[in-house]
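Take a look at the structures listed below.
Two complexes follow with chain A in common, the first pairing it with chain B and the second with chain C.
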Partner chain A sequence: MDASNAMLQRVEEIIDSYGCKRENIIAIMQDIQAEYKYLSRETLEKIAEKLGIGVAKVYSVATFYENFSLEAKGKYIVKVCNGTACHVRKSQPIYDGLREYLQLEGKQKTSADQLFTLETVACLGACSLAPAMTINDEVHAKMTPESAIALLEDIRRKEAVQNA
Partner chain B sequence: MAKGVMIIDGQRVPFDGEKNVLAVIRKAGIEMPTFCYHSDLSTYGACRMCIVEDERGKIDASCSLEPRNGMVIKTNSARLLKHRRTILELLLASHNCNCTTCEKSGKCHLQALAHQFGVRHVRFTDTREAAKIDSSSPAVVRDPNKCILCGDCVRVCEEMQGMNIIDFVNRGSQMRVAPPFGRMLSETNCISCGQCAAVCPVGAITVKNEIGDAWRAIHDPKLRTVVQIAPAVRVAVGEAFGLPAGDNVLHRLVTALKLMGVDEVYDTTFGADFTTISEAEEFKARLQAGGPFPMFTSCCPAWVKYLEKENPKYLHNISTCKSPMEMFAAILRDKYAAKDAEDGKRTYHIAIMPCTAKKMEAAREEFKHDGRPDVDLVLTTREIVDMINESGIRLEELDMEAPDLPFGMGSGSANIYGVTGGVAEAVVRHCVPDKSRNALREIAELGLRGDEARKEVTVHLGDQELKIAVVHGLVNARKLLKEMDEGKAFFHLVEVMTCHGGCVGGAGQPDGLNAVKIRRGEGLHAIDDASLVKRAERNPVVSALLNEMGEHKAHELLHVSYVKD
Partner chain C sequence: MPECALTRTQFHLLQTESKDLLAAQKLKVLVCAGTGCVANGSMKVYDTLKAACETRGLNVCVALREEGGENSVHLKKSGCHGFCEIGPLVSIEPLDILYTHVHPEDCEEIIEKTLLGGEVIDRLLYHKDGQAYQRRDDIPFYKLQHRIVLRDSGKSDAEEILEYIANGGYSAFEKALFEMNGEEICKTISDSGLRGRGGGGFPAGRKWESVRRNVSDVKYVVCNGDEGDPGAFMDQGVMEGNPHSVIEGMLIAGVATGATEGYIYVRAEYPLAVKRLRIAIAKAEELGLLGDNIMGSGFSFHMHINRGAGAFVCGEGSALTSSIEGKRGMPRVKPPRTVDKGLWAKPTVLNNVETYANVPQIVLNGAGWYRSVGTENSPGTKTFALTGNVVNTGLVEVPMGTTLRQVIYDIGGGIKDGKKFKAVQIGGPSGGCLTEEHLDLPLDFDSLKKVGAIIGSGGMVVMDEDTCMVEVARFFMNFTQNESCGKCVPCREGTKRMLEILERIIRNEGELEDLDTLESLANTITEASLCGLGQTACKPVLSTLKYFRNEYLAHVVDKHCPHCNGRKRHLEINPKLCRGCGKCKRNCPMEAISGELRQPHTIDVTKCIHCGACWGACPFGAIDAIEEEG
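Now for the complex of A and B:
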């Protein structure tokens, strides 16, 4: 069984665990995203089919909430905090530095090697550590553009070793 | 349902069962402005134009308020007027305001209300990125730059048709109405019913305009323009000229078309009589063969398209009869081939239809002959109204003229094709061996007529008991299919019309709520009542032609298969 079939099977299990009820659509989407980090087109179509509602309706719900991602994400999700405290302590240069390092252009959020997805977040609640950043939910304190890039470089090296 | 008295602008207004305050206000003779409230659909409460103010100064949308006894409201306070103007200004600020060249100009609710409320200046600039116009559908054009997000189209697609082709996408200032995944309409399961365009208050979704092609053909001396007019058109065209809905203006329409330069004008009811006979014969053959049941009617192209796209297992149940429009066109093509060769002209066939899906049907491969469609062009009722207006013709003042012969004659049973229940009634009239006047009356009283979402009747034919269902509004057909899937329903014959009310409620018709559609349907029944020939087989031209054709030719011209091998 290939990866996308396995994913769709898992998606079906999640939907079934909510009794195929349309009022649970958001919970279903959250669970799927928790596992796969995003909602694929096939996933949304499966949800529509199983809940007996239109694909346009499912897509409407998925695009309404900022939290749902319709694009595949990298293995590591990097969130640079842009809350007030982090902002005044110069979080923007960190974000800009990482974008440049990851060679992201326009609306692109995920690096070409599918390793990193770069996002901003309104406040991590770690203002005393500003400027803060998370990599897969692990908080890194008092970042600079250089230290942030160093963290990512480190991960890249480890991944390269693992793959080799 | 609540009953009581409200005080509206100081005036006592009794109410009894009205579903919201807005309906009570309208009853009091005050026209409440609104974009998103369409009384045939669910209440959405988004546009806030219908706001009212209570004694304590609380402002609420009247479409979303339930009437209460003793309620005191104002509909036109200084604050309300100010709010309405601001709403209009904000809507205009994010609207492509090229009104003069807009398809909807003169019929646009935004234009009308902006004028009514005296909005002469818009303080805000449009900062949105221009969105691409989607003209991929054969029936409608979507221009998101004109959308005011009232959601009428979203609700009609979901609630009347059960399709959910378009919906809201994104949120806040990024919100749009669109198909999912950035698809074009042609990449969706859209069935071209056009109801989204029929309810759109602005020019965001409009019926595809093909008037230019019609004029070019009419003015081309090398073309013989031949027109057929569908039943539902004749009881709606008059509305645009101040005549009541349901008035039969066929004969004035013939005169108008001749004045405009059309060469020959015929009547689609001629094709419908062929459809009745063919469909009834097919039905009898199925009864002998024991199936497959139910037999679905095939006149409605949006219904056929729905089965193809979403429920192909039922394609075998669709009658193999072409729609009246396509039967007419095939016979015309066959009969006029010799005429064309003789006088060196080419026949250009225009069908005037109440329907946007007919544009899609005409373009189907099945209805092409040597690469040319049997129907060259489909114009909707709205388009023909525009053409009559463009010609400066005042339809209501014209003399009457009968359609040309020999294809300008249809029975009464062909006229009721345009209203829900009509096709089934025509087929039953043909099948029942008792041809007396009382038998006709009995058939009329069976319960095939009327506005109910689904009508079920039982007809006795010899020793057989036949179960017939009539549904209109695709959402009701989908429910019926689901029951059939679950083994809960069985019928021998099912008439399906995608639009509510049947073709009289088609999206090509002038604007009109359900009450207007019902009056059009009554108009068609009145034509039937007044016609001397009430059965398809009594149409002398049709029976003569059928005899002349023979079985093989009839099959070739009148039948089609939608089943994919």
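Now for the complex of A and C:
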């Protein structure tokens, strides 16, 4: 079985676990995205088919919510908080520093090696430890551009060792 | 009627058993497991403590029912204490010690000296002005607080339902279930004067009574845990630290109104809150406190959790219910009101996390007790997330009517780095700012409304003398503009225009007329928008225009803002993005830019006057404003 088929099978399992109920579409998409990091076209079609609604409807829900991505993402999703507390404690230089480190240009969000996707988020609820960021949902507090880059470098190193 | 899993008598036995078990615990170590402390490494501290205790032959117990005998330590994960910046926090009972900044390296010493020797380690205590504080509640940050909603947060095990029960939990629910009817419960809540803590301040009792009176086959109780204000985390603290108080409050709302299904809508960015709530619900179901025919009363209640997906507008009532229904979270025209046609067009009680968390204690202690705290028209307490340029940041809970000065100076310890206070933004993107002249204003729903601000959900950002207030207004407008759902034109287009103007002003390219345009646009958006997002989007702009007009003038007339320049920023061309088109060079009034066609250009910072012309002209976004440290 190829990767795409395996994925669609897993997608079906997830939809079934919610009893194919229409109202659970958001939870279904969240679970799929938690595993695959994004919602592919085939995934949206599968959801539409199983829930018995039009693809356009599924698409419109997916695009409404900022957390859903229709594009493939990196293995690690890095979110720099730009909520009020983090903003006043200089979160922007962290974001800029990471962008530069990952060599992201223009609208690009995912690094060329497909390892990292860089995003912003409005408040992680760790405001007392601002500025904060998350890497795959793990919160890191009191960041500086240097410490943020160091975290990513660490991951890169580990990944390189694993792949060697 | 299905058989009940737990009879009322069994519940009483469980209460006594839990109380006895809790009282029998000789030594308790609570490691803070809130988002802040976890991010600071508290789970490593937990694991190290556990392993080290075991190596020393101490019996480590985790669940309440575990009895370890003589040589035992009860190790627990607590909720957030609210003072995350001094974390990871570890408290030790019954010695009443709070250790701060605890790291795995400290664990051996804690076991050796404190757990086995009963000695206090001075180094790990909180120190302030040469004084060491052993007890948490003696620390100035806590001293003026009055904790009702956050009472147990940090002091009890957030994942152990029996501990909640031991501390009196679910007895308010039992009382509501067996000793009161719906009307009486609604009346108690009305009499207590409890007002919605999600921002609007609507009387909760009146809302419940409307739902109770509505005749319908199904009714719903919905909890708003979307906490969209970008810089607030009170509801997160409650959901993580004391999840059962929210569940119990919702159960009581169910008994009061005849609703049988509950939904908690939690912000996507709070995975830990979701986890704790899930555990709490599972345990309550297991015991029979949720489910069918609870305690044989005939009352059934089922609880569900929905996770948000990153849309601020979903915090608005009708958007939230449509998101639960699996649709786009767009607000709708009102009426019909949520109490008449809410979730799936059925009568629905919708309240905020903190509102529900107040309910059990009101039912247990009575409306009169609740009214004894706070002010006449705003009884009770309010939690705030104190952040920004203040010495102590964190979660605070104070009686309504406490002054800003008390919160910022007595609890918050004043402005950071000895700077001067300038303003405080309350209520996030829908709120306004308050200044020096408001420092002695009592914090309650009505006093703040009078001066054009709101209590809001409780975000409180303190700003010092170096802050540019135009930039603050821009920051919030950028947020709201991004979050506008686009359903109605005034909000969708109006906020875009507002943002453009603010950006222009920040770049010192604004004109005097821009200020009038901002004001008239703001009035239109406020009047003509469909939902609260649009209706309040301009508050930050209007209130900064009112109190800090001179800062706008500095930008548009003098073309120089002392605060923005004080921050030291210079422009740099990113050679990777620059295509060498020369546009910036042609636009620069100072001839500060040089470069050959199709080659990366450079800016001579010594000639640059920060007019921003190049920044606006570059079609490739190649020019960055670099913030310098200091």
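Everything below uses one rule, namely that the second predicted complex is superposed on the first by the 164 of 164 C-alpha atoms of A that agree within 3 Å, B and C clash if a C-alpha of one lies under 4 Å from a C-alpha of the other, contacts with A are read in each partner's own complex, and residues count from 1 in each chain.
As a working rule, contacts are C-beta pairs under 8 Å (C-beta built on N, C-alpha and C of every residue); 3 or more make two chains touch, one makes a residue touch a chain.
Please read all numbers here as calculations on a predicted model, not as lab measurements.
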Partner chain in contact with A:L44 - chain B first, chain C second, else both or neither: first
So in the superposed three-chain picture, is A:G106 touching just chain B, just chain C, both, or none of them (first/second/both/neither)? second
Report for A:F64: first if it touches chain B alone, second if chain C alone, otherwise both or neither. both
Of chain C and chain B, partner touching more chain A residues: C
For A:C123, is the partner it touches chain B (first), chain C (second), both, or none of the two (neither)? second
Go through the superposed model and pick first if A:D2 touches only chain B, second if only chain C, both, or neither. neither
Report, in rising order, the residues of chain A that make contact with chain B in one complex and with chain C in the other. 60, 64-65
Given the complex with chain A, which residues does chain B contribute to the contact? 158, 163-171, 179-181
Touch list for chain A against partner chain B, complex: 41, 44, 53-60, 63-65
Can you check the complex and tell me which residues of chain A touch chain C? 22-27, 29-30, 60-61, 64-68, 82-88, 90, 92-93, 96, 103, 105-106, 121-130, 132, 137-141
Within the complex, which stretch of chain C touches chain A? 35-36, 38-40, 83-85, 87, 227-233, 236, 268-271, 273, 306-312, 323-330, 385, 387-389, 393-395, 425, 428, 459, 461, 463, 467, 475, 479, 485, 576-577, 620-621, 624, 626-627
